[in-house]
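Handing you a structure now.
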Amino acid sequence: MKNLLADKSSGEDIIVKVKDVTIGGGNLTFISGPCAVENLDTLMAIGEGLKAQGVHMIRGGAFKPRTSPYDFQGLGIEGLKILKAVGEKYNMPVVSEVMDASQIEEALKYVDMIQVGSRNMYNYTFLKELGKLQVPVLLKRGMSATLSEWIYAAEYILKEGNMNVVMCERGIRTFETITRNTLDLNAVAMIKEHYRLPVLVDPSHGTGRRELVKPMSIAGVSAGADGVILESHITPDNSVSDARQTINIKAVGEIMEQCKIVRSVL
Amino acid sequence: MKNLLADKSSGEDIIVKVKDVTIGGGNLTFISGPCAVENLDTLMAIGEGLKAQGVHMIRGGAFKPRTSPYDFQGLGIEGLKILKAVGEKYNMPVVSEVMDASQIEEALKYVDMIQVGSRNMYNYTFLKELGKLQVPVLLKRGMSATLSEWIYAAEYILKEGNMNVVMCERGIRTFETITRNTLDLNAVAMIKEHYRLPVLVDPSHGTGRRELVKPMSIAGVSAGADGVILESHITPDNSVSDARQTINIKAVGEIMEQCKIVRSVL
Amino acid sequence: MKNLLADKSSGEDIIVKVKDVTIGGGNLTFISGPCAVENLDTLMAIGEGLKAQGVHMIRGGAFKPRTSPYDFQGLGIEGLKILKAVGEKYNMPVVSEVMDASQIEEALKYVDMIQVGSRNMYNYTFLKELGKLQVPVLLKRGMSATLSEWIYAAEYILKEGNMNVVMCERGIRTFETITRNTLDLNAVAMIKEHYRLPVLVDPSHGTGRRELVKPMSIAGVSAGADGVILESHITPDNSVSDARQTINIKAVGEIMEQCKIVRSVL
Amino acid sequence: MKNLLADKSSGEDIIVKVKDVTIGGGNLTFISGPCAVENLDTLMAIGEGLKAQGVHMIRGGAFKPRTSPYDFQGLGIEGLKILKAVGEKYNMPVVSEVMDASQIEEALKYVDMIQVGSRNMYNYTFLKELGKLQVPVLLKRGMSATLSEWIYAAEYILKEGNMNVVMCERGIRTFETITRNTLDLNAVAMIKEHYRLPVLVDPSHGTGRRELVKPMSIAGVSAGADGVILESHITPDNSVSDARQTINIKAVGEIMEQCKIVRSVL
């Protein structure tokens, strides 16, 4: 892993601008929203709440890669339109998952940052296409990807000329079953020590348990993360998916507060 | 996992025809060839050797999903042309990996069966596109996919109408480092007990060690596998990739012999 | 891992005698019995059945290492006495788990072979004590032990002078949840290629699913195993523990038949 | 996992006193020292340095459970005597690993707290013996133990009447190879949410990389840990074992400083 564009030795730390939000460079960025975009009214209410808490960007799934083909697959483009409407209303850039190179062009009409999901981290055709654009990319770690594979996935994008890559640790697959995944903060610390990419943590998917989101958010920031992605909803128990790990708007604000305090003293 | 098209209870066991080769239905199918297509002369020599041993189909990588963007990425379409030439010369259907929905149409001019590699098992856009065709698909297990996720990946294809799906166990990621992967024969036995899909084993990638290919091939057939994929080369140590797990043509014949004997007595 | 007593290069393959039963040296040995010794009558009935099938040795847990301190911990010495009575009645050597160096002396009054369970593979004090005796030892692999660690555990015994060590692969811990463990036949093949220790497989614990015991037994023998340990009961559904993976006496006979056929042709 | 003595619902949070050091109850406890006790002079120098930094307890291995029987196995009782001498000189309680029930009595002449190492977490005979005493126990997590198994291991001690149990997360075994283990802070947060046991983190073994010890210590405290165990040496590169993860005395002080600041604001 020598001489990669991602290496600290290859240049200054990478700072990614998503409209007027800056990720990296000492900033602490918060992205929040529901697992899946459900409808305009609900997302508007969520957006209003998150904006009031000072959240920087809004997220929500429109193209949902689901294990079963019989499960809800998301609203697709319709979902992206809703996201864009809410993002514009509350002046928050939006990020959403795109599953394939073929969806990039259409998606870019609506989103400000493209998320490469855990299942697509090894989709090198997709990564190369993203590398040819200047769109900010949120690159989630594959659920069993080594740090080295994850960095190389980023390198696929950087190598093509797009330096706007933000890493996101979202939990790895281990033998443990009491948490949905095992949020791996070692990887976060490794990136901050050895690479120049910004990195966020996603303790919602990373643990799959609501009560762990707060301590693991703070721990993530302490390990060096440049921000946190929080799955939230106005009525978490009514989420169409991932209810068990979703927190309410007020909890988002409390977590942000604690994270900022910790960041300020470190 | 109830009421899937893949379930044994949903119908007869699935038999997949690739030109005049039949996979499943009590047949024992052998597929062999180099990790990567290197050039016409080498592949012709390999093809000649494999045909003489009675191998049914030839394989070789043209689009190579490599961890590092700086590694050899395969010959691409040029590689598929070479495969087709050798397949036609020795009357063996060819299978090769395609990495993305966008490559399917072009690839189908040259290959008889499309391999979905381990890194793309969760690429649902790709799987859905393959479901809309009638092309035989070799669906490798994701390197950390649960059996349930793997079956659901097949279901993405079946659901769209393409019943020509062959599973391939190629080793899972565990804590063990002495083998490249851990070939999981439990999953093979589970499929034969509970699902109606044919399943092959790939002990070359599955173990990453040449000396284990023979015992694990025989063990795979004993666990119920419908065939074996063997990475082979006329001069294994000269393979451009994966030399450590590649065997020579004579070894392919010996392994086939043993597998057939075991199958005949079970 | 050079220059170990366990290495093939250090001498002839090790053959272990347990009374008149020989493990290794080309023999195919079958050990069977219930997960836990329950009472004399039940074990006598099991022993009678197993003897009639040609099983070589009887097993049964008396000291049960249970995850919860509130679960049934086994009958202890009373259980060993029952085992000995049944073993003598049907002329089958008995093997049972001992959990600690302090139990060895007492246990040796009743058992012919001491099992080191998965949880105790790293208990080096225990291993060293076993090394000072000439008792046959059945060394189960730790649930997440690398092959290297497992071989070194055997070496702890060999180094002290006791060469009567039989390895037993019993499934490793992976991300997969549909099977209780993942029986790792790669490790079996590795041992037969590189080490001179006999090795058995335990597909009952290794898979935790009754329907997988037969295919994985045959696969284990095909991978090179010197024998199989089968959890059995006269009425499997009434087992006090591990009922889900326990088979009946008739099934034991059928599996033995298939394993012997495969062994005879390889 | 209902109605355990370890459950929060079973009573007040457990506070463990080791001489005049208190673990739990809102305290932040630091334990440090070398991987292995080497000789009196070196440990005296380390002890002097650690005391000056405000470290509460000193640690050092005397009985070393090593993977290979041919590796250095520690100084044994001689090592414990050195530990005791240093602990008395600098008024720091000492903790050291004991490998087996048979060593407890002798060890208690020298140590103030007994460490159950990762390899012995499932050694239930040992745990039960510790439960019959009132000695403080540092219970390291098994390298692949689920949280549930680890809690039950503690319960083995609690159930016998010894409530002086301190948990220690020391990294789990995953597919990742760039770190020695994966320090699992999710488990720390889970314990603080659901159980009444104090829990420490060991980022030295947990990551195996010197540069990660500081960020993961702070992250551990942020996740709720009651203290940190730091492997240290006056000349880390000269450690007889684990040099790669050992830090110097000054670094211990810096990490303590940062941890205390974070704790004070949370």
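Letters A, B, C and D mark the chains in the order given here, with residues in each chain numbered from 1 onward.
We adopt the following convention: a residue touches a chain if its C-beta (ideal position, glycine included) is under 8 Å from a C-beta of that chain, and two chains touch if they have at least 3 such contacts.
From a predicted model like this one, the values you see are computed outputs, not experimental measurements.
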Shortest chain-hopping distance from subunit B out to subunit D: 1
Any chain in contact with subunit A as well as subunit B: C, D
Between the pairs A-C and A-D, the one where more C-beta pairs touch: A-D
Centre-of-Cα separation between subunit D and subunit A, whole angstrom: 35
Between subunit A and subunit C, centroid-to-centroid distance (C-alpha), Å: 48
Junction residues of subunit A, two or more chains touched: 144, 148, 173-175, 177
Subunit A-facing residues of subunit D, complex: 144, 146-148, 172, 174-179, 182-190, 192-193, 206-207, 209, 211-212, 215-216, 218-224, 258, 261-262, 265-266
Touch list for subunit D against partner subunit B, complex: 144, 173-175, 177
Contact footprint of subunit D on subunit C as seen in their complex: 65-70, 99-103, 119-120, 122-126, 128, 143-144, 148-149, 152, 155-156, 159, 173
